[in-house]
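Going by the order they are written in, the chains are A, B, C, D, E and F; count residues from 1 in each one.
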């Protein structure tokens, strides 16, 4: 149960409908998932979030599938159940195979382990990693 | 300052040196970074972690650069300063450009925002995302 | 399902009942929510937590409604489902409107995004923020 | 040391300078703090983040000081050192007193404790909290 | 609902069955819990994780019950519901009493509170704690 | 640099000095570490936190050394640098050896890995773990 109602298309204001329409058109789907229906309780957040997502997830220097996998990695680390399910579905649509998902989860698990080994030993950053942040030779 | 000393190669036991040698050979480098020198305080953890990292980060269904970027995404979300620096350096060596780093950080920031919007509204997972976890059509 | 039973009033020891009575009287309600019934499995934690909550959430330099909203901000960031629901209910009783909840969640989402942008770029604290922590001119 | 250089005004592109100018004018300050100088490495993120922050932190149903305190609460919970320092300074400028800061930190600490007590006992949400999310009587 | 199917013994490959058999023999149980059935979707992760768990949780300088309680402390802090349930069950089998569980949760709650008080005040580490990390007199 | 000044004994109010005296007497030390000097900016938080810590960390069903190790496990998971240093020092005073510290960090690292494997696969809790939370046979 959400802390607010889900706003269906037929109950939505024109401002909300315009965002819903753009989501469906951009993603080439004919339905709206619960995330957006919940955000619609605060239309400025709905609009701003959709515009940001659309811009950030667009193809660029990183391809859309890799971006979806990065999204899953963050969502697993934050244990956001909804986000894991919705972005796993999106990544599969973008071509993620079972083998890729298995490796993605393994990397995320491993990174969480070594992140804590670093904390436990309070490892200091090597000078060489700090010396020249802009060059690939770092 | 670490909670334990860093173990240098010349002070290391044969067991630890064997791992250090494998790290340098596998990565084609001639030095050991602080992470491994700290883990060497507990040789079983040093060995087990290196063997796991070597296996998990090897090329497979996901290429090594994407794996490094997933590692950075987790480390940012966990705010592990050492890990961000060391894996950013590794990703740059593997070909990550400034443009890719900029987009990676943007995706990580965005994912952290929407993860919390989901929590704030307590959005329930759409049935369609749950229905058929094994198929790309989900 | 909890990892321990919920202790109902009629099954509670006099020590636990005394805390339950104080909760109901202080909050002017006639029931005990599950949080306290779970803590009652360890009466010292029940007593200590209630006394702390009563002191910390009392009106002071910050009003009770703002304190409830701070509580929600923390609970969203920690993704504590129970806490989000119980403190959203408490905040609504204290006067939080739908518009306020919408903005609160927007701020929490935004803060989580920028927190990770800071991590990603490993931004150093400006000297001016450190120079004079006690003065409003900082 | 950041993972990327800080972009100073004199080295910035016109696109970045336009954002810097708007930040200084909106906040009525004559300098740019490190956060924006780091984001300037990825101009789309700089622009998008500033526009979002400007919108989200503007006066609305919640006043700017309370919004800054919510930001601090999240940043403490995420242990983002930069964010704690910069938003504490901003909150002091907006009128936060020492007494208010003391109580704010007390609430954040308390909320983090009870969030984990809830986890430890795996407390289920009371039906009444779920029944009617939209009404203040919940 | 998991993001992948659970692999039952009768449907498992010989490689997976070998791990299942070792789990049941090592733990002296006659069933496999869901965690391993999920990992079996990626056999290298199943094998690697089981071998690591078997090594890390074995009796050593710290006894198995204390190790299980450390596991619970981490899982509560990460709010991993599955992990809290499974390791609470394991700790009870290893001798954890209700009184011990009550104190464990109290310590975890308290640590989460003081961790955030430290963040809120940005407390610097005392020199004496840094001076001599290897000696008990620190 | 803290967000507030550290209050030294000679500058402290009688209320704060009374807590400082009790800390030194209870712990049989002759100095006050920075944590308490920072909390002294808000005397009610100083008093309440000290009283809680004193009660929670006292010998009970769990011995003080194990409690300190649980504290470290939480602090590593929360990456609270101050807390890791101060509680590692306290645990060493209480008898923690290098071998124990090595195993503790290994368990914490492992638990953080498996917590995320659980999230990645969204593993559901086995019925048997939920059936009978109060009995050791669970």
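Definition applied: a contact is a pair of C-beta atoms (placed from the backbone, for glycine too) under 8 Å apart; a residue touches a chain by one contact, two chains touch by 3 or more.
This one's a predicted model, so the numbers in the text were calculated from it and none came from an experiment.
Shared contact partners of subunit A and subunit D, listed by label: B, C, E, F.
The minimum number of touch steps separating subunit D from subunit F is 1.
Of all residue numbers that take part in the contact between subunit A and subunit F, over half occur on both sides, making this a same-residue interface. Here the CA centre of subunit C is 20 Å from the CA centre of subunit F. Subunit C and subunit E, compared by their mean Cα positions, are separated by 27 Å. Subunit D and subunit E, compared by their mean Cα positions, are separated by 33 Å. Each of the following residues of subunit D touches two or more other chains: 1-4, 41, 44-45, 48-49, 52, 56, 77-81, 84-85, 88, 98-99, 102-106, 108-110, 112-115, 117, 119-122, 130, 133-134.
Because contacts link each chain to all the remaining chains, their graph is best described as complete. Subunit B makes touch with subunit D in their complex at residues 79, 84-85, 88, 98-99, 101-103, 105-106, 109. In the complex of the two chains, the subunit E residues touching subunit D come out as 72, 76-77, 79, 81, 84-85, 104-106, 108-110, 112-117, 119-122.
If you check the complex, the residues on subunit F that touch subunit C are 1-5, 44, 48, 52, 55-56, 130, 133-134.
Interface residues of subunit C facing subunit E in the complex, by the touch rule stated above, are 3-4, 41-42, 44-45, 48-49, 78-80.
Per the touch definition, subunit B reaches subunit A in the complex via residues 1-4, 33-35, 38-39, 41, 45, 49, 52-53, 56-57, 60-62, 66-67, 69-71, 73-75, 77-78, 80-83, 85-86, 88-89, 92-93, 95, 97-100, 102-104, 106-108, 110-115, 117-126, 128-130, 133-138.
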